[in-house]
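One structure follows; several queries about it will come next.
Naming follows writing order (A, B, C and D), and every chain is counted from residue 1.
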Amino acid sequence: MYSFKNDYSEGAHPKILKALMETNLVQEEGYGEDHYSLKAVELIKGKIGQTDVDVHLLTGGTQTNLTAISAFLRPHEAAISASTGHILGHETGAIEATGHKVLSVESKDGKLTPAAVQAVLEGHPDEHMVKPKLVYISNSTEIGSIYQKEELQQLSDFCRQNQLILYMDGARLGSALCSKENDLLLSDLPLLLDAFYIGGTKNGALLGEALVICNESLKADFRYHIKQKGALLAKGRLLGIQFLELFRENLFFDLAGHANKMAEMLCDALKQAKVKFLTDSPSNQIFPIFPNKVIAALEKEYSFHVWEKIDEDHSAIRLVTSWATKEEEVAGFIEELKRWV
Amino acid sequence: MYSFKNDYSEGAHPKILKALMETNLVQEEGYGEDHYSLKAVELIKGKIGQTDVDVHLLTGGTQTNLTAISAFLRPHEAAISASTGHILGHETGAIEATGHKVLSVESKDGKLTPAAVQAVLEGHPDEHMVKPKLVYISNSTEIGSIYQKEELQQLSDFCRQNQLILYMDGARLGSALCSKENDLLLSDLPLLLDAFYIGGTKNGALLGEALVICNESLKADFRYHIKQKGALLAKGRLLGIQFLELFRENLFFDLAGHANKMAEMLCDALKQAKVKFLTDSPSNQIFPIFPNKVIAALEKEYSFHVWEKIDEDHSAIRLVTSWATKEEEVAGFIEELKRWV
Amino acid sequence: MYSFKNDYSEGAHPKILKALMETNLVQEEGYGEDHYSLKAVELIKGKIGQTDVDVHLLTGGTQTNLTAISAFLRPHEAAISASTGHILGHETGAIEATGHKVLSVESKDGKLTPAAVQAVLEGHPDEHMVKPKLVYISNSTEIGSIYQKEELQQLSDFCRQNQLILYMDGARLGSALCSKENDLLLSDLPLLLDAFYIGGTKNGALLGEALVICNESLKADFRYHIKQKGALLAKGRLLGIQFLELFRENLFFDLAGHANKMAEMLCDALKQAKVKFLTDSPSNQIFPIFPNKVIAALEKEYSFHVWEKIDEDHSAIRLVTSWATKEEEVAGFIEELKRWV
Amino acid sequence: MYSFKNDYSEGAHPKILKALMETNLVQEEGYGEDHYSLKAVELIKGKIGQTDVDVHLLTGGTQTNLTAISAFLRPHEAAISASTGHILGHETGAIEATGHKVLSVESKDGKLTPAAVQAVLEGHPDEHMVKPKLVYISNSTEIGSIYQKEELQQLSDFCRQNQLILYMDGARLGSALCSKENDLLLSDLPLLLDAFYIGGTKNGALLGEALVICNESLKADFRYHIKQKGALLAKGRLLGIQFLELFRENLFFDLAGHANKMAEMLCDALKQAKVKFLTDSPSNQIFPIFPNKVIAALEKEYSFHVWEKIDEDHSAIRLVTSWATKEEEVAGFIEELKRWV
């Protein structure tokens, strides 16, 4: 049984484990003030091409989203999310638990547009309703799509004109930036966004997300929020060492590139076999549609999520590749598939 | 410069890192449903001697405290803590951020007694005040003291008579249970407590605390709370593998035993030198009092916290030992000390 | 200019003011423990036909909703509301501010059905999502519709089978129960609902809602929640005296009956004039559709809300009647209307 | 049985009820946008002598405190209160329920000083602790003392130097400003404070507190917070009419003056009889100490709170006077007392 269920089925990239081994007995400060974390932060600033951003290393995606969003908003302010957004439906109401409503916008491709956000603003004119204040986007999105630079530029312009905070969930930012359809650079992001995070967990780390705060007005006292929400690790070095390894050379991008390449192999084979897709995804998650019988057959040797019922006889499944996906397993899956479609 | 600053200055015990290496590429389920976590949970239940407890693996102490306490309390209910309690003053209002007041009880030895809790209950008679509901204790405490079985039994009886939840923060539970003054067994705890956690971070793990919920009425839906508070790691295996290693044989106790032995060495030498202590501590944190000049001299070669001013010329410092503390460094510190006291 | 804008444009029914005058200088206990409040509570229990319910008098609708719902739910639990529900879009995220998500169900008539709630349950299968726990309904709804007994019975049965709390917002319960299409009795409600409130503000009181908690498991410590949320008036007598007057004889129903009668007069005249309606409403809010020119003309002499754009040339308006609506003003409005439609 | 239990035992001053009667059937806007509220706000600004403050009318003290403080603070920030402070121990954790810790400062006279606040700041140096941000004071305090202008000036200067918000709970501001020991003017307050409220409930209104926000940076979007916390009355006129009456001429001060005069009568008689007091109080709450036997005798004809045990045989009681306290009852109490002391 081989799993295409997600991009967190294995541990960490071996280089990361090696770095943990080599540094293990060095005594360091706690709470993210160790040399590795400090150096990782500087390295990330360098890769981003901005020194006036603040970078914080946190443990996971939900943790990062809830810590950042609750720190950025006043009590009456709300976040806006696409209907597929992770904070909207897959984080157990973590944002609401900090007191803030998440407003949903129907979206077929998982992305938000100025027009969609404008409609939310118009529907919330006065103090009897929450005040929409933060626009939450994911890149790549929860259904595999990515933002083009022009799309993000427009959304960014709109947010600035309307005093909205633009925040990007980058759990799969690596895959987005390494997509062959991508035209965004990591260094574009601080110019377009108020804050975003660079996902480590789904791109080769044991755990860890690097939150980048670009907007000066959102920076103050952020470590208080990290501590208060339980996200400040005593052994912060665990995060520092991993991000150091991911960004010391090019590992972060190499790993994402591999994940995408594996997804492309699957995609190309499926397209050749005239298989249809639920969404157009140029990243490491793809959503092919199969007859239910085929799905049942595939499930005997592969694990994956059945994503959505299409009709009585067909469903879309989700196949996820990662830095650890083996090319021979992808080839094997394609072979198996040829027997059925 | 050698550090006695805390018990999280190094990484993990080498056996733990080895286990992470060996299992690294095995594909597993996410979110704590991997085989390692499931097995670690069973193992811990075995060590505790109870199969009807629920065990959850979380990332850190503040995270565990806030997730558990907010799950256990209704909105109008409050926690009671000794004035030295970690949740009271060292977690950035994490409990209050979930909506609950923490009531403080002055305590010289860091421990709570039935009489002290009774006084809090009497001071909160009606609906104009919060309703005290959860008694928070630490073992070992934040100032190094430990609970004797008889003390804990009395507190437990009192809590049951008064419908109070008794919760133990076990960030340093290993050191408490391995203290030479201790008469509590791990297997006593589920009989005396409603919930407690077994600290991994400060006893050899990279991160990780094992929360044990003993009271049936507190168990339902707990994984929702873990997820909502951002504590559910995608790669939950990271916690499972570590606790598996800590409890597979006797590593957890061996490591705590070493930490205590190092503290004893320090303590014995200090007592021989007629040094006085701020508190009587039989665990891995000790609080000797020195002339400020001596402290300044020691600080040239050792790092530690200056804990409290005693008078114009004297202060108490905190020395913490751990699984990683080297015996030769302790000996060296003692040598150095002899030059001064 | 006469207003059909809402049912809270005037003060209180004169009998209520008279009662306030007559009792004004009597010394009473504070915080709802005065004789008037205690007697009002008993009177309401009598009218409901249940002595084992708890009744609490609170100041307003949003206050009552947020106090009750936050008291009833655990942190990971969510409310379900029709898309028109007051708590969803018109209370500034008051429920979310207490930590709970409100899940929206599209509804054309403002009502919820077992099938609609079932779909929400199916969409929330595990701990990565909130746990739907409380079903929020309004009667009459925000768009004037009312629940038939059979509908409410089915929803109640479904909720009990699924361990869901069924809560009714009764801001306009008087109008619902006095509708000519209604077949529910006040005494049916405790048998069908876990909790509900009887709205005073929109039915002749200066302010005040009577929350009725029927489900035994939701009753404990409720006064703590009232106090904590700022809803416990020092001079609770203000609420007690008003509800005493509303329920001493039949005033509550008389006032609602008058409001409905005025709405019916409007409705009948509009139907005769072949005016169409946005919703079918048998209560004190009606939503006729007019050409925009007619609306502009009417606005010169009457105030009301323009509710919704229908097309380029037409809009629906909301006309609200109340205990204080004057029959001659309704007649005048109808006369004016005849000039235009 | 006559009550000296509190200052909210009766209804409203007759002039207020008269105003409610006279305006009752005038149609007005809801939610505090009625002409009475708008006029009351302007009137209060005039009395304060500042036009650039924002004034909001809310229902009660706890409500006002929690709405204001939660609006003013970011999630990691805390309030500082004297140990006697109402928000600390008598509001059922209302502030904590909005996510904020209240830090306690021991205080014998119920007041805070720069030195006391400085000590709190020094005890909270970093992100492992909450960040003290708002200084909560009451005037008159919960034990009857009042701030002298010089004291308030010093506290105000200290707060500005330390970027702290200075907030005054004015539940009994009338009594404080009308005390014969007072040297503060209402018009001094906006110059010294960031926000405060003028209490109506305890000075002749049925309910109502007027929150005055002086600091520009705290004003934005405040009505959202009022609505979200359930404090926005549909019939806001109820508050507007009352404050209009209180401040149209001099009623607010006349009523407080009467309350103080009645307390002085009691005080003078007690002092003549050599009775000792728990606190030195120049306002409408006094705390004489009696033998328990005398208290038992007095309780046969008068109701009051037994405040605090002094020793086995003596207790302090609290006597509260108000706008409604009858001079003959005070004289009667003094007569009765003479039989015992």
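In this section, a contact is a pair of C-beta atoms (placed from the backbone, for glycine too) under 8 Å apart; a residue touches a chain by one contact, two chains touch by 3 or more.
Note that the structure is a prediction, hence the values are computed from the model and not measured.
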Query raised in the report: Would you say B-D or C-D is joined by more C-beta pairs in contact?
Result: C-D
Query raised in the report: Using C-alpha centroids, which chain lies at the maximum separation from chain B?
Result: C
**Report entry** For chain B paired with chain C, centre-to-centre distance based on mean C-alpha positions, whole Å
**Finding:** 50
Report summary line: Cα centroid separation, chain B vs chain D, in Å, comes to 43
Query - chain C and chain D, separation of their C-alpha mean positions in angstrom - result: 34
Query raised in the report: What parts of chain C, by residue number, touch at least two of the other chains?
Result: 75-76, 91-93, 97-99, 127-128, 130, 224, 227-228, 232
Query - Complex contacts: residues of chain B adjacent to chain A - result: 2-3, 5-6, 8-12, 14, 17, 20-21, 23-30, 59-67, 91-94, 97-98, 201-202, 206-207, 224, 227-235, 237-238, 324
Query - Residues of chain D defined as touching chain A within the complex - result: 31, 70-71, 74-76, 98-99, 127-128, 130-131, 221, 223-228, 232
Requested in this report: Spell out the residues on chain D that touch chain B in their complex, using ranges where they run on.
Outcome: 75-76, 78, 89-93, 96-102, 104, 127-130
